[in-house]
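A, B, C and D are the chain letters, set down in written order, and residue numbers restart from 1 in every chain.
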Amino acid sequence: MSPWLLGPVQASVALLLAPGLVGAVRWMKARLQNRRGSPPWQPYLELRKLFAKEVVVSNNASWLFRAAPFIVFGSTVAVTLLVPLLAVPLPFDGAGDLVVVVYLLLLGTFFLALAGLDPGSSFGGMGASREMTVAALAEPTMALAIFALAWGAGSTNLGQIAFRTLATPSEALAPGHLLAFAAIFVVTLAETGRLPVDNPATHLELTMIHEAMVLEYSGRYLALLEWAAALKLLIFFTLLGNLFVPWGVAVTLTPGALLWAVFTLALKLGALGGAVALVETHIAKLRLFRVPELLSASFILALLAVTASFLL
Amino acid sequence: MSVPFLTLLLPPLLAAAGALVLPPRRRAAGALHAALGLVPLLAALRLAALVLDGWTPTWGPTDLFRVDALSALLAGCVTFVAALVALLGPGFGREEHYTPSQVRRFRVFASLFAFTMLVAVTANNVGVMWIAIEATTIASAVIVPLTVSKASVEASWKYILIGSVGIALAFVGTVLGYFDFVTLVGRREYALNWTVLMANARVLHPPVIELAFVFILIGYGTKAGLAPMHTWLPDAHSEAPSALSAMMSGVLLAVALYAIVRWRAVVNAAVGPVFSDRLLIGLGLLSLGIAALSLVIQRQYKRLLAYSSIEHTGLMCLGLALGPLGVFAAMLHLVNHMLAKSMMFFLSGRILDRYGSPEISRVSGLLRVMPWTGGLFAAGMIALLGLPPFGMFLSKFTLVRAGFAGGQGWLMAAVLALLAVAFVSLLAHLNRMLYGAAPTGVRQGEGGGWGVVPLVACAAALVVLGLAVPAPVMELLERIVEIAGR
Amino acid sequence: MRALFLLLVAGYASGAAAALVLGTGALARWASALGAIAGASAGLALAAGACVWGAAFSLDAPDLLGVVGGMAFRLDALGAVFLALTSLVAAPSALYGAGYSRAWDGRPALRQVGFMLNAFLLTMSLVPLADGTLTFLLLWEGMSLSSYFLVMTDADKPEVVSAGQWYLAMTQMGFACLLGAFLLLQSGGPGSFADLRAAADALAPGTRDMVFALALIGFGSKAGLIPLHVWLPRAHPAAPSHVSALMSGAMIKMGIYGLLRVGLDLLGGGPAWWGGLVLALGAVSALLGVLYALMEHDLKSLLAYHSVENIGLITIGMGAGLLFASLEMPAAAALALVAALYHTVNHAVFKGLLFLGAGAVLHATGTRDMNRMGGLIRGMPWTAALFLVGSVAISGLPPLNGFVSEWLLFQSLLPGIGAPSPLVAVLMVLALGMLALTAGLCAACFVKAFGITFLAIPRSPEAEHAHEAAWSMRAGMVVLAGACVVLSVGAFKIVPRLTEVVAPLVGLPVPAPSFSVGWALQTPGGFARMSPTLVAAGLGLVVLAAWLAVKTFASRRPLRVGETWGCGRVVQTPRMEYTATAFAEPLRRIFAAFYRPSEDVSIDFHPDSRYFVQSISYHSAIVPWFERYLYAPVIARVRRWSERVLALQSGSAHAYLTYLVAALVLLLGWLVVTGQR
Amino acid sequence: MSPHLVSQLSVGGATLVLLAGLMMLWRRGVEAHIKAFTAQSVALAATTAMVGWFAGDWQLWAVAALLLLIKGIGIPILLQRMARRFGTERELEPYVNTATSLLVGGLLVLLAYVVTKPLVSVSQLPTRTGMPLAMGLVFVSLFVIISRKKALTQVLGFLMLENGIALLAVLGAHGIPIIVEIGVFLDVLLGFIVMQVFVYQIHETFESIDVEQLNRLRE
């Protein structure tokens, strides 16, 4: 299979897996809380329903309200082309590196926040304000974590990082890598709106950040946004998985290697999803003004990661 | 050779006599006065042309009068401001509130004032120069209290007292200089001639000439408004009629500085520049400091301009001590300051007539009330602040350059800091007058419109000096550096 | 080339003359605008000539200002970049100005704006060409003075006058330092830059440091680096919008040009602490700039503080460049300087666009306060879309040019982490953290700026009836928005050009290593590759594909418009919306240690019962650190000295005479004492 | 006239002039001041005549005559008229009481001696010994102007200052060229007349000639 075909394949695999991942995490959390919970494939049904439903748009909203879902969804899908989902010699490795990934996600958050503000409801305003605050505070951690990784691997391009960790397994257990892993894990919780920062399950005004922005959406726009959110979760898990523990990622583009890559990817996503489910069942939601402490803790982790990576 | 001198010195006397005889209110008297004011300006230009052709015209017994480059420049300045005063002084503007007798008194003594300054500047004999400068104090003191009030009487008393005491000390210096010369060469009729003193300077005794220069510096420094002898200047300039303060601030300070430059040349020839430089830098920096800090809190705009004169005189005095390039910058600054300050005082005269109050807080919206006067006032402000395109930018730049070239880095740092303080305070005060809404009850419109035309000429001259100094002026300044710059 | 130079001068001069002569109507406005545009395009052509085709240009005019050695002009690669930048912002601003200055029709202020704008553009375009101390300083002062008059156009408002005074005072302080720096460097010799370069090597290290320190203060105050930035958030909002665009876009860049010219070209680099200091100042300016911007709810002062932030980013790049040059890492230094130059050009373009947008909003609604705007996207669709482009660009988000230069900045800091001395590494890591935080906060700030101003429900009648800007204003903005896209997509062509500009400064061989391979940018040693072209294309493709997919597969039921959901209350009023202050409230609370906010809430209850509230007024203010703890004490001390000196003028004649006699006695005493030896 | 005798006489004359100056510090009444000034002018004229006779220079004779005429007779008459006009005002306590004034006067004369040391060593003229006394008078008259509150007394102090300088010129260089001499006389006379006019004006506007009240112009 030619490398240029790998891009769309990776994108479609990601699109297929994402709702399942969210469903699986919800299902695992329910099981941990002794509830039956909805089946893992529930999100697929929701998406199908939403795509068919009628769209209701607020009279205050402008064209931006209708364009934002496409930009958010598009930027997240574009990221999947850059992230080493299945195979390492990525076709678009020259086009973008880890910094581009972070900033594409920030572009998505930017337009989501604007869309939240547009209908003019106080929920949207609150959600946008809090989302941008969290995103802004998460930026320095991501930057330092990237450079801790990049310094070890000699390049910020994701394919190169994964390839280097594959080539020298001892790198994986270097303190720099572990600290970077922890830092990015905390940022994942913050960015994808998981529990300690934001409660994905409820619509309670006080606690919701991500939900507040998509409150006004309905029909196919809501479907796109939900899908994009699920995709974002998948991307972060892939970063955690394939950059730090890249075994199982296909090195040659043979169908057998790719199938094996998909299987190992599913395994990793399951493991990380279980970890998140565990975290969410044991930790209550932090008050908004305690979130910066969490993020500064992750910043310190990233700082240590950078110092560890260039000291050793 | 006597014609240029006569056309230079006689007209002011004739003007004084004419003003005495003719009734001041009649237009003919005013026109005659103005005409007689312009003649010496042409004579001065003629003399400058002669000097540029290599002549140094002399006249009178034991060549009492001699015009070299320095004298020509100062004569030009004096006659220019005298012409302005003749044109714009009391007795012309429609909003005149001077009585005919006051106008007559002003014209007589203003002409005498101009005459004495011209004599001081063209006299070769140092004694006659002293007499002329003493006479300037007397002539100007009479018309400081033109409108008698408690403040103007007080100002005039302090002016005459401090001025006379200061000048007396200068005479002590002159006598000591003469004494030093006589003990070496014996009594000669032309002994007090500057040229003779310069020729025999190397022979003079250092301790005596240094003592003489201290007295000279304190004496003429009082007339030049150098600190700590400057205290009479703010009072005199703010209480005197604006035309007179323009003359005093513009040229009287320059004439006193001229005297110091003359004696400095003699002392440098005798003892070398180090002694006089140290004194000039000390006094210059002190004047700059006191004036700059005094500008910060000021309530009246004429006092503000007076302190600004002290600041610029201090700067010029400092410039003299920074080697040949410094003297060049100081002389250029002298011409620029004369133009800018006399223009500003004439404008403040018009503002005082229109707004009726000398307080800065009572004057606002000047650009709206009197657009031309306001515009020129703003131009004058920018010139005094030393911003391009006006001449002061160039002279300040050259002065600071001379300072750095002479290795006086830290001195120049102090000067720049003080100039910055003066800059901010002058800007703040004058901006409060230019902008904002016009107070109620103040008549809008320009009033005596053509009265502004000569001032526009001043501003234009400043711009010319700012962008490309004309060749003759350059030549004149270079000649001066040869005379006084060593 | 000489013809282009003369065309540049003639263009601006004719624009200025037209503004003066042709009265105060539309004719005058358009004539001066066309003159300015002609001058700007000549400038652009001149710069392109020097930058792209490498044609040298130099002109000596010894008779002009003969008294002090005459004026000299020379255009080299570094000057060409800044000339291009100035002209690139000048043309659209002038076009925009033609429409915008209709507000002054029939008033003398129009003449002042027209004349001063052309004078300002002329002096600013010639500053990068100056090749002698006096030429540079004269043009520098001319630029400051003409921009002062532009700031003072509507000077009947007292805060505009005080802004003007702050501005001119600060510029004058900066000029005094520059004067000191250049004259120390010249130390008596001739004034042309070539002589300065020769003299620089002979200078003692102490003097070189002094020259650099003075130049840093002088140029830093013009660029708006913390703590010399206080004039910027006062002067920019006070100036007409197209002037603020020029000041923010091009004028403060002259500070950067000056630092590069003196720091690298004339002095030829220096010890490591130069770069470290500049880097630290840049990082602090970036972070504090964005923090102050977050708290602003006046649109133009928000943009002004963002200028401080972006200047901070540029200075980080420059500081890193200086540091690497002193640590003998020429490739890394070149990359850092290329990043700085690229961000300078980018900032000129998108900040110009944002200020023009803010001007259009001010023109339409008559207010700058964001809490009284809202919903302008309906009344002003063009301006909203263009302001959005500017916001995305300034926040450094991918498809546009802001992202490219911020990516370069990130990558240029990276080699520093591996630098030999640990202090440099720590500095780089901290700068990196502050850079990332600044980028994040900048995105948050512009969500607030765009969202509160253009989206949701109009908060005041003026916002409701806002009308679209005139076509000339929109044309100006469209040009700049286009430039944003071109600068992003064409990055792989522009970066090599900038590298050629920077190479001689850091001592790289002339065929400098180009940091671009095919369509992608590549950092030295192949450390990181990114192709803005591909990212933009890919993003566009994917969004289009998503839109098509949804259009074909999803239901084609018509869109229904309904009421915004509000938990069942009756009507949606603007007071229920988030305001700018509310949006920034979480960040104010998080950074409370820095802001130290003071909030006072006054509630007046309904007369007959304490449980019903008639009105609540909420006012919060943050501590202006620099004004209160740096400038106020200095001013207070100068006033105290002044009072003490004025006590000398006590009014008593006897005291005055005592001063005179005391001076005499002191001098005589000094004479006698020195006489002894 | 042997040089020795001349130096004796010149020192004597200079001492007389200086003593008249010190009288101003000692006495308080205005009439006493005017009498002291007149005596001083006469002594000065005598000294000038003596030096003129010794140097055989007719110009000095003319100067002596002029001195006697103007400063000996003319100005005292005007001063008397002014004193009668303002004499009624009560006597004002000067800044410095008499004892300290005299002490300061003495110190100033000492300073004059130190300052004029190089002058005396340089000059060969027999009259050089009187020069420190002349310089002493200059300093004393400066002190008078500073310490006395009445405008009239300040004018007298100024006139004494002029006398001191004239004496210095005569003793140091046997007088300055005649043109300058006449000019100086003219200046002094005009200066005095203008000061007199101002004193009348001060009296008119302030109802007293106490310079203390002239402190309206501050800052």
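The definition used in the following text is that a residue touches a chain if its C-beta (ideal position, glycine included) is under 8 Å from a C-beta of that chain, and two chains touch if they have at least 3 such contacts.
Not measured: the values here are computed from a predicted model.
K.L.:
With a step meaning a move to a chain it touches, how many steps does the shortest path from subunit B to subunit C take?
P.N.:
Steps on the shortest route: 1.
K.L.:
C-D versus B-D: which has more C-beta pairs touching?
P.N.:
By number of C-beta pairs in contact, B-D is the larger.
K.L.:
When the C-alpha atoms of subunit A and subunit D are each averaged to a single point, how far apart are the two points in Å?
P.N.:
Inter-chain centre distance comes to 101 Å.
K.L.:
Taking each chain's centre as the mean position of its Cα atoms, how many Å separate subunit B from subunit D?
P.N.:
That pair's centroid distance is 31 Å.
K.L.:
Quick check: how many Å separate the C-alpha centres of subunit A and subunit B?
P.N.:
Once rounded, the distance between the two centres reads 79 Å.
K.L.:
Where the CA atoms of subunit C average out and where those of subunit D average out, how many Å apart are those spots?
P.N.:
Each chain's C-alpha centroid was found; their separation is 70 Å.
K.L.:
Identify all positions of subunit C at which a residue touches two or more other chains, and write them in rising order.
P.N.:
646, 649, 653, 657, 664, 668, 671, 675
K.L.:
What are the residue numbers in subunit B that touch two or more other chains?
P.N.:
Residues 157-158, 161, 165, 207, 211, 234, 294, 297 of subunit B each touch two or more of the other chains.
K.L.:
At which residue positions does subunit A touch at least two other chains?
P.N.:
none
K.L.:
I'd like to see which chains touch which, written out pair by pair.
P.N.:
A-C, B-C, B-D, C-D
K.L.:
Mind pulling up the subunit C residues that touch subunit D in the complex?
P.N.:
Against subunit D, subunit C makes touches at 646, 649-654, 657-658, 661, 664-665, 668, 671-672, 675.
K.L.:
Would you mind writing out the residues of subunit B in touch with subunit C in their complex?
P.N.:
The touching residues are 157-158, 161-162, 165-166, 169, 207, 210-211, 214-215, 217-218, 222, 228-229, 231-232, 234, 279, 289-290, 293-297, 332, 365, 371, 382, 385, 387-389, 393-394, 397-398, 400-401, 403-406, 409, 412-413, 416-417, 419-421, 423-424, 427-428, 431-432, 434-437, 467-469, 474.
K.L.:
Mind listing the subunit B positions that touch subunit D in their complex?
P.N.:
Residues of subunit B touching subunit D: 64, 125, 127-128, 130-131, 134-135, 137-138, 141-142, 145, 148-151, 153-158, 160-161, 164-165, 168, 171-172, 175-176, 178-180, 182-183, 187, 189, 191-192, 205, 207-208, 211, 234-235, 238-239, 294, 297-299, 303.
K.L.:
Any idea which subunit D residues touch subunit B in the complex?
P.N.:
115, 118-119, 122-125, 135, 138, 142, 145, 151, 154, 158, 161-162, 165, 168-169, 172-174, 176-177, 179-180, 183-184, 186-187, 190-191, 194-195, 197-198, 201-202, 205-206, 211, 214-217, 219
K.L.:
Please output the residues of subunit C touching subunit A within their complex, sorted ascending.
P.N.:
Counting only subunit C, the residues touching subunit A are 374-375, 377-378, 384, 388, 392, 395-399, 403, 406-407, 410-411, 414, 417-418, 425, 429, 432-437, 439-441, 443-444, 447-448, 450-452, 454-457, 517-518, 520, 526-531, 534-535, 538-539, 542-543, 545-547, 550, 553-555, 557, 559-566, 572, 574, 576-578, 582-587, 589-590.
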